[in-house]
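Let me begin by handing over the structure; questions about it come next.
Chain naming follows the written order as A, B, C, D, E and F, and within any one chain the residues start at number 1.
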Amino acid sequence: MTIPFSAIEAGQSFVSARVTVTETHIVLFAGLTGDFNPLHMDAEFTAGSDFGRRIAHGMLGHALSTGLRSPIDDWAIEAFLETRRRFVAPVFAGDTVHYQATVLEARPSRSREGAGIVRIGMSLRNQQGVVVQEGEDVLLVGGGVEGELA
Amino acid sequence: MTIPFSAIEAGQSFVSARVTVTETHIVLFAGLTGDFNPLHMDAEFTAGSDFGRRIAHGMLGHALSTGLRSPIDDWAIEAFLETRRRFVAPVFAGDTVHYQATVLEARPSRSREGAGIVRIGMSLRNQQGVVVQEGEDVLLVGGGVEGELA
Amino acid sequence: MTIPFSAIEAGQSFVSARVTVTETHIVLFAGLTGDFNPLHMDAEFTAGSDFGRRIAHGMLGHALSTGLRSPIDDWAIEAFLETRRRFVAPVFAGDTVHYQATVLEARPSRSREGAGIVRIGMSLRNQQGVVVQEGEDVLLVGGGVEGELA
Amino acid sequence: MTIPFSAIEAGQSFVSARVTVTETHIVLFAGLTGDFNPLHMDAEFTAGSDFGRRIAHGMLGHALSTGLRSPIDDWAIEAFLETRRRFVAPVFAGDTVHYQATVLEARPSRSREGAGIVRIGMSLRNQQGVVVQEGEDVLLVGGGVEGELA
Amino acid sequence: MTIPFSAIEAGQSFVSARVTVTETHIVLFAGLTGDFNPLHMDAEFTAGSDFGRRIAHGMLGHALSTGLRSPIDDWAIEAFLETRRRFVAPVFAGDTVHYQATVLEARPSRSREGAGIVRIGMSLRNQQGVVVQEGEDVLLVGGGVEGELA
Amino acid sequence: MTIPFSAIEAGQSFVSARVTVTETHIVLFAGLTGDFNPLHMDAEFTAGSDFGRRIAHGMLGHALSTGLRSPIDDWAIEAFLETRRRFVAPVFAGDTVHYQATVLEARPSRSREGAGIVRIGMSLRNQQGVVVQEGEDVLLVGGGVEGELA
């Protein structure tokens, strides 16, 4: 059940699944990227900071938001073109996040019949509904079966 | 040796360390985020795609670019405020990437003496010098020791 | 879109997504379980074995088969009750596996109105269509929204 | 010290080493398999469930039970043929599990002199002695040195 | 900014960054090395031990001490020649460690002009300043740019 | 079957199990420790080095040598007291290593009846028998059951 570009229109909105961010996520993300900033990895440092304890990398929240399941996963996505985020509030180990997304624009491709560019606005929220990140993602969505026949 | 905001100015540019992206990075990133898209995880699917083999998640390249060591790590960074990327070309397992960055703007904070907002333009490049991603990061940089005394 | 027990019946069949099993999967699975059998971890040993190279843990294939996405993920699954597998052929790093499943039995719960027990027969197959594992899984599926109102 | 099939007989029983299942195990297992079911990964969801908190994947307990060290590791195991489990009770992060196993049947191979098929009954138990899983594993055990000379 | 051997002399001392050792580190290190000793992995066993809870592998602390960032990272290190540690006190999940190091000896290489052998004495300390490990590392440091021209 | 100190004497020697070191081991070890030295992580850099390709961290080989199974695992080990290694030759991804160990000294404890200090000499070797590391480990071994009764 792959949804073609033609079925997507501005104003459609979606809510993703949730994931609880754990200390394991933070340690793995530091190891993968090499970002061992004391804000993420040094409990002594953060005990004296405004946050009071280690916080997740902003990019970890960003990365998670691109993997959380939602109806958007059923689109005939062919490429991830652009992403942007503003990091608004911290995510701590133990927080459970999900995103809310709305189609801002669905513009037919000039070069590929049936396909189009979809711009999504999104917010990542924690278990209290607080927006921790907000931004946009731009996707190339194909025409599905019809597009392939075209 | 922490570099305060006052020492940063537009036009300064930097080159990061490099990292070779491996199959391990891709499998770990899929597992961390839940993004098991066949472009990243299904060699049968990609054998028939334009790419011919699995590609790294765009967000993996993005995440790596925020962890690669560079002189920017010595800045008195207090917060990562914004990030954006355009995904221009694929990264394959075995590619070695680094980034090149230039300070686009360094604007004093209105509320915090000595601190300021730094906007960086960057490109992520592979071992052939091909730009695979380009974008901007916005950081809050503190005043260093003098700033703290102020 | 959660599918209640009432919509499931014997004979329905499904094909899962695929995943390419990598050396990373094998090393991570050994580390998680503590199973460092030379068949999986010692290339010198396996060079002289019938297989000629390291093979994935049978339990790794089994575990992967419970995570691969398929329409079964949309069922209102409440519990995983039983599983069994016969390990029929080896899985090597680089193989791409998926499963094919058929509902063998869908039996209403005696104690919970709307819910039922679903028994699935499955085979795990590699990129050549060779069956590498076969077995059964038994799930408790809820009544969905109607069931909750009952 | 490899124990040949000839030394194995029905009624022999064994106790494995123990392992404490952690949040790390759960996050890694989800990532490896792609099973991000909210029962395992969403603390908000499970706070309202019968369990009250995230539970480990049943297949994680199953996988761990095949890696925990026991005297069975000293057998001249040549292949893991079959496995089955019933998931009886939940495993939570922080639980410490081990298995108890008894040889149910040791049947000489018809085709390979000295080798045989061993069927083991097992239960996985937590730190309170509660059985959380029970099932059977079937192994092919070789003849050891004598068998190799035969 | 790579520091050549000629700039290193006995008596120089350094303090590293800190890292909080987590349960994740312990589980990953056990998986990587295969060391599932109950002191590290079995909370029931350690509840009855002198320590009262699981401790990190001594080798995990040792390994971390070779990765923690310090000014030594800026040396023109060409090879890690020798290492030794005495394990003096336990490291628990939640402890935050760093090392303090002093150059004990800086001896010019007999065979490579500009290069030399540097012997470092070090202690790994926890958040209370308690020495948990002490030892020495021996490095081969190059001559930097001048050395390369020589 | 736990071997007490009284059964250990100088001259006893042991051979461990083997493990094939993979790219996965190197990436995970870098991530765990934070050691992203280009010798381990940058294929462009190493293509121009004497080694010609990435090498495993010396400390990774060291860490693996403390986890590889051997008859020493059956000793009543109570503590790991000291370790030292000389890094003699590189380990590459794909190499299969094991260690050979000999008891150099077994000295009764002055304070604990039945227990003693055991000093082991070891060499880590690759699949060609080349010694890649050599060193010593010092262990505290208990008196086993008899010791506990004493």
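Going forward, contacts are C-beta pairs under 8 Å (C-beta built on N, C-alpha and C of every residue); 3 or more make two chains touch, one makes a residue touch a chain.
As the structure is a computational prediction, the values presented were derived from the model and not from experiment.
Trainee: Can you name the chains that touch subunit D as well as subunit F?
Mentor: In this structure, the chains that contact subunit F and also subunit D are A, B, C, E.
Trainee: So which chain is the furthest away from subunit E, centre to centre on CA atoms?
Mentor: C
Trainee: Please tell me whether the contact surfaces of subunit C and subunit F are same or different in residue numbering, using the over-half criterion.
Mentor: Result for this pair: different.
Trainee: Applying the document's contact definition, name the chain pair with more C-beta pairs in contact, C-E or C-D.
Mentor: Answer by contact count: C-D.
Trainee: So what's the Cα centroid distance for subunit B and subunit F, whole Å?
Mentor: Distance between chain centres, rounded to whole Å: 37 Å.
Trainee: Roughly how many whole angstrom separate the Cα centroids of subunit E and subunit F?
Mentor: 17
Trainee: List the centre-to-centre spacing of subunit A and subunit F in whole Å, with centres computed as mean CA coordinates.
Mentor: So the centroids are 43 Å from each other.
Trainee: On subunit B, where are the residues touching two or more other chains?
Mentor: As it turns out, subunit B has residues touching two or more other chains at 19, 23-25, 28, 30, 32, 34, 36, 69.
Trainee: Which chain pairs here would you call touching?
Mentor: The complete list of chain pairs in contact reads A-B, A-D, A-E, A-F, B-C, B-D, B-F, C-D, C-E, C-F, D-E, E-F.
Trainee: In their complex, what parts of subunit A are in touch with subunit F?
Mentor: Contact set of subunit A toward subunit F: 28, 30-32, 34, 36.
Trainee: Using the touch definition from the top, list the residues of subunit F that touch subunit E in their complex.
Mentor: Result: residues 19, 25, 28-30, 32-35, 37, 57-60, 62-64, 66-69, 77, 79-87, 135 of subunit F touch subunit E.
Trainee: Spell out the residues on subunit B that touch subunit C in their complex, using ranges where they run on.
Mentor: 23-24, 27-28, 36, 38, 41-45, 54
Trainee: Which subunit C residues qualify as touching subunit B in the complex?
Mentor: These residues of subunit C touch subunit B: 17-20, 22-25, 28, 69, 94, 96, 127.
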